[in-house]
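In what comes next, chain A is part of two complexes: it sits with chain B in the first one and with chain C in the second one.
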Partner chain A sequence: MKKLINDPDDVVDEMLDGMVAAYPDRVRRLSDTNVLVREDAPVGGKVGVVSGGGSGHEPTHAGYLGEGMLDGAAAGEVFTSPTADELEEMVAAVDSGEGVLLVVKNYEGDVMNFETAGEMVEMEGTEVAEVVVNDDVAVEDSLYTSGRRGVCGTILVHKAAGAKAAEGADLDEVQRVAQKVVDNVGTMGMALTSCVTPEKGEPTFDLGEDEIELGIGIHGEPGVERTDIMDADAITEELTESVLDDLDLDEGQEVVTIVNGMGGTPQMELFVVNRKLQELLGDHGLETWDAWVGDYMTSLDMAGCSITVCAVDDELQELLGAPADTPALTVR
Partner chain B sequence: MKKLINDPDDVVDEMLDGMVAAYPDRVRRLSDTNVLVREDAPVGGKVGVVSGGGSGHEPTHAGYLGEGMLDGAAAGEVFTSPTADELEEMVAAVDSGEGVLLVVKNYEGDVMNFETAGEMVEMEGTEVAEVVVNDDVAVEDSLYTSGRRGVCGTILVHKAAGAKAAEGADLDEVQRVAQKVVDNVGTMGMALTSCVTPEKGEPTFDLGEDEIELGIGIHGEPGVERTDIMDADAITEELTESVLDDLDLDEGQEVVTIVNGMGGTPQMELFVVNRKLQELLGDHGLETWDAWVGDYMTSLDMAGCSITVCAVDDELQELLGAPADTPALTVR
Partner chain C sequence: MSDEGAAVVAAVQAIAERLEAERSYLTDLDSAIGDADHGGNMARGWSAAAEKVADLDDPDPATVVKTAGKTLLSEVGGASGPLYGGSLVFASQELDGGITADTAVAFAETYLEKVQDRGDARVGDKTMVDALVPAVHTFKKSVETDDLPPVEALAKAVAAAERGVDFTVPIRASKGRASYLGWRSVGHQDPGATSTLYIMEELLDAATEHVDVAETPAVDATSPTIPDGEEAAED
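Take a look at the complex of A and B:
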């Protein structure tokens, strides 16, 4: 499989340099690490908000660095957790004295390394709090997790927590709104094709020309059900009903939705999915407060999508709609 | 090849409905057409700026509808020009009495249909002006054009013309800045894979596992040179040097760059390309004023990228950096 890369061993390093070269006024790289932080970090008087995880999910997480979202983003190797040492450096670099919220996707390596890093910085006097995002409704436990996986709903956590921190709220309050998103969000994904990692150079699972996978994760792990290819409306219905079953919302509830591309999916197809998604939500008596369509959390070059639904009250609407200025998401 | 679509005949219609469902406060669809306009069109006291072309290039053009960019975007069928009738309806719908700039990518069908539409609206008293974008440095004439093709540089034309119109400038001035971008921009693209159209369901050209195409267009037409796969740095150098040869810039010139994904390319790879691009520009003594990295003008699910360089003086910097609020591009 062909890729626009040089040596696979250098891909994360070169990607991070390419990000800094694109946004030199917005982000900087902590030397000798794979950590990017806001150029102006630590931002005085503000709780820091950080995240991190394996590479291959771009723009997650570094694309969300900036005003109103993240202060730090740690990149591991492809589909591999960042080390505790690098996470520690990141947290220390963004702490202005107000403490730091760690936004962790629920994967065993991420959870363990963030926990270790948190303990290390606490010994140096930095206050930390943590939320673990587990929005994937497809599986109860998975190859890499006990409990549900953290996937695209994480972006809404970044947005809400980042907006609350920008308001000057304290660490408890920032953690509270982040947890509120976690408690109200669900996601399910599907794949038309497997992704191909730079190192391996071939698909991480085999999928026939007429097959799709429902309930995929974001690390090239296969899904929970393989079926014959269906049309976009039927696929959208499968994903949406799975998420709504899990959330169990009342009629009239306002929601934010995300149709997320997995990296190799044309926008044309994402909008076809969004059309059906919004129709289904209407059938359920739900009201879409905001709809996002695009590549927010990808899995390298995988073709497919995920659907995220998050119930939003007045507070979450205000936070999700608040200004943000990051490479991947700008809200005026 | 698998796609997230329903009936291929419905894909453009359903995509447009999906866009309106995503952005109901921002865009609306003219009834019985494939034209989207700003929800608040015509915007009083402002020159209208419109574009259009075949579908399959999303977010081009409808993704750029909104404050500071486009007032109208006409979508043809996949890789097919919009009809003159629909273009006429679009221009009429966005004219507030100040006239309308037509931004046309140089393809024979687009040029002909925009010209016909322009003549039709002029008979009804709408003043129009036109720019034809021809930034592709790969070919002098092509399958679908006499003269060079219009590709990703078009987005910079949308941005500059839209910003000038938002300032309240008259039609001549809006056309002047649009033409200034056209006169200062060059683009060259490459493909790792062909795209697959919904109708045909198979690649529009065959490319071996170890081959790439340099100088591709955005309609699935093959490029000007087929070569063995190279690493990302070598590919970036081929594209960049071709563009710089064409532009022939003086040392110290400030530029805006775009590393544009063709639809199936992970962001990781685009940033790897951007790293090398910025290094090469530095070697040439050029100064990057702004760097864009992402999917701006795609070719369905094609894997590959294009590189755009545009020389920018103070005036273009002000216009390209001015506020914009569209689904695909927001500038604060």
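Take a look at the complex of A and C:
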């Protein structure tokens, strides 16, 4: 498989250096770690909001560093949790004394490392709170997760928590709005092709030329069903109905949607999916308050997409619509 | 270096050597029901820990244990880093006042509590907890109720851990990567329980040796000694 990499062992390190070189006035790297923080961290008088996880999901998480979103983002090796000692350093670097919210995607390694880091910084007197995102409606208990996996809905958590923190809210309040997103969001993904990890250099799983995987995880974990290829509308309907079944929303509910590319999907196709998604929401009597389309949480070079729906009340609308200035997401 | 500190350093080194020796066996166990990296992770992590603690300047036991734990956290990563390393970091606080029968029991209990909290696992889930729970309870009872000398208590704890490892073979995994296999995990010995047993066996050896050394009158002043070997409860 042809790839723009040097040595697989160096890919995360070199990527992070490249990100800093791209946004030198926005982010900086904590020395001897794979942690990026806002250039101006710690931001005084503000609760810190941090996240992290395995690499290979870019722009997640470091792309969301900046005003109105994240203060710190820890990168693990490809598809591997960051280690607790680096997470501990990240929290220490962004804490202005107001405490830090840890936004964790529900994978066993991530949860354990974040919780260990949280307890270690608490021993040093830093206040932390945690929210675990588990928005993937596809499967319970999969390869790396007990319960549901955390996927693209995490970006909405970053946005809402970051906006609340920017308002000067305290840690409890920031955690509350983050949890509110978690309680109201659902996602389901699908793959047209497997991702290829730098280490392995070949597809992580075999998918036939005419097959797709519904409910795929962002590390290529198995989904709910492998089926013959369908057209975009049929795939969109499968994903959307699964998410809406899970959320069970009342007619007239306002929602934010994300059509997220998995890394190897042309935007053209994502917009085709979004067209059908919005039509289906209308059929269900739901009202789209905002529709996001793009690559928000990828799985290396996987072709495919995920659909996220989040029910938003006035408070979440205000937070999701608040200004954000990050490399990957700008809201004015 | 304090005698106790030196004894714990020696124990960490013995554990590193043992896990290197068992590397491929642990990986074989993990291949059957996991992702085939446990042997490599443990060997690499403890070897780094042994190097780190060897560089400490006159450390007390708590510092040695904490340093080993932090090294495991950063070198092992994944779920094993927090389980093996994070638990050591937290439990090391119990040894702040040095190693006595009481602090060793407290250490063992805190370690177990952290592993269970972090992994949310109970006896019967086919994890390291199946070795740890009987070991820690046996150690505590042997020290507190039966008034056994700590090294004897530790020997009983190791025997209990061994039975715990055997117990993991016929049961179905319900935590950790192996749980993904469901019934197909039956018949395989849990790699985490197994490495936990190896760590405890090395602690027992180290403790026994240092007690013997301590009881020999003409002991070299630089030789690591430890009166009771309770630091063995380190795991």
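List of remarks:
The working rule: the second predicted complex is superposed on the first by the 332 of 332 C-alpha atoms of A that agree within 3 Å, B and C clash if a C-alpha of one lies under 4 Å from a C-alpha of the other, contacts with A are read in each partner's own complex, and residues count from 1 in each chain.
By definition in this document, contacts are C-beta pairs under 8 Å (C-beta built on N, C-alpha and C of every residue); 3 or more make two chains touch, one makes a residue touch a chain.
Keep in mind it's a predicted model, so treat the numbers as computed, not measured.
Aligning the shared chain A places chain B and chain C next to each other free of steric conflict. Aligning the two complexes via chain A yields an angle of 140° at the C-alpha centre of chain A, spanning the centres of chain B and chain C, rounded to a multiple of 10. One of chain B and chain C touches more residues of chain A, and that partner is B.
Contacts of A:143 after superposition: chain C is touched, whereas chain B is not reached. When both complexes are overlaid on chain A, the residue A:187 reaches neither chain B nor chain C. Legend: residue contacts after superposition of the two complexes on their common chain; A:232 is shown touching chain B, with no touch to chain C.
When the two structures are aligned on the shared chain, A:108 is found in touch with chain C, with no touch to chain B. When both complexes are overlaid on chain A, the residue A:86 reaches chain C alone and has no touch with chain B.
By the document's definition of touching, of the two partners only chain C reaches A:119; chain B does not. With chain A used as the common frame, the shortest Cα distance separating chain B from chain C works out to 21 Å.
Against chain C, the residues of chain A that register as touching in their complex are 76-77, 80-86, 108-109, 112-113, 115-116, 119-120, 141-144, 146.
Against chain A, in their complex, chain C makes its touches with residues 70, 73-74, 76-79, 81-83, 85-86, 89-90, 118-120, 175-177, 179-180. For chain B in complex with chain A, the residues that touch the partner chain are 1-7, 11, 14-19, 21-23, 55-56, 58-59, 63, 192-193, 209-210, 212, 229, 231-233, 235, 263-279, 291-293, 295, 298, 300-301, 303-305, 323, 325, 327, 330-332.
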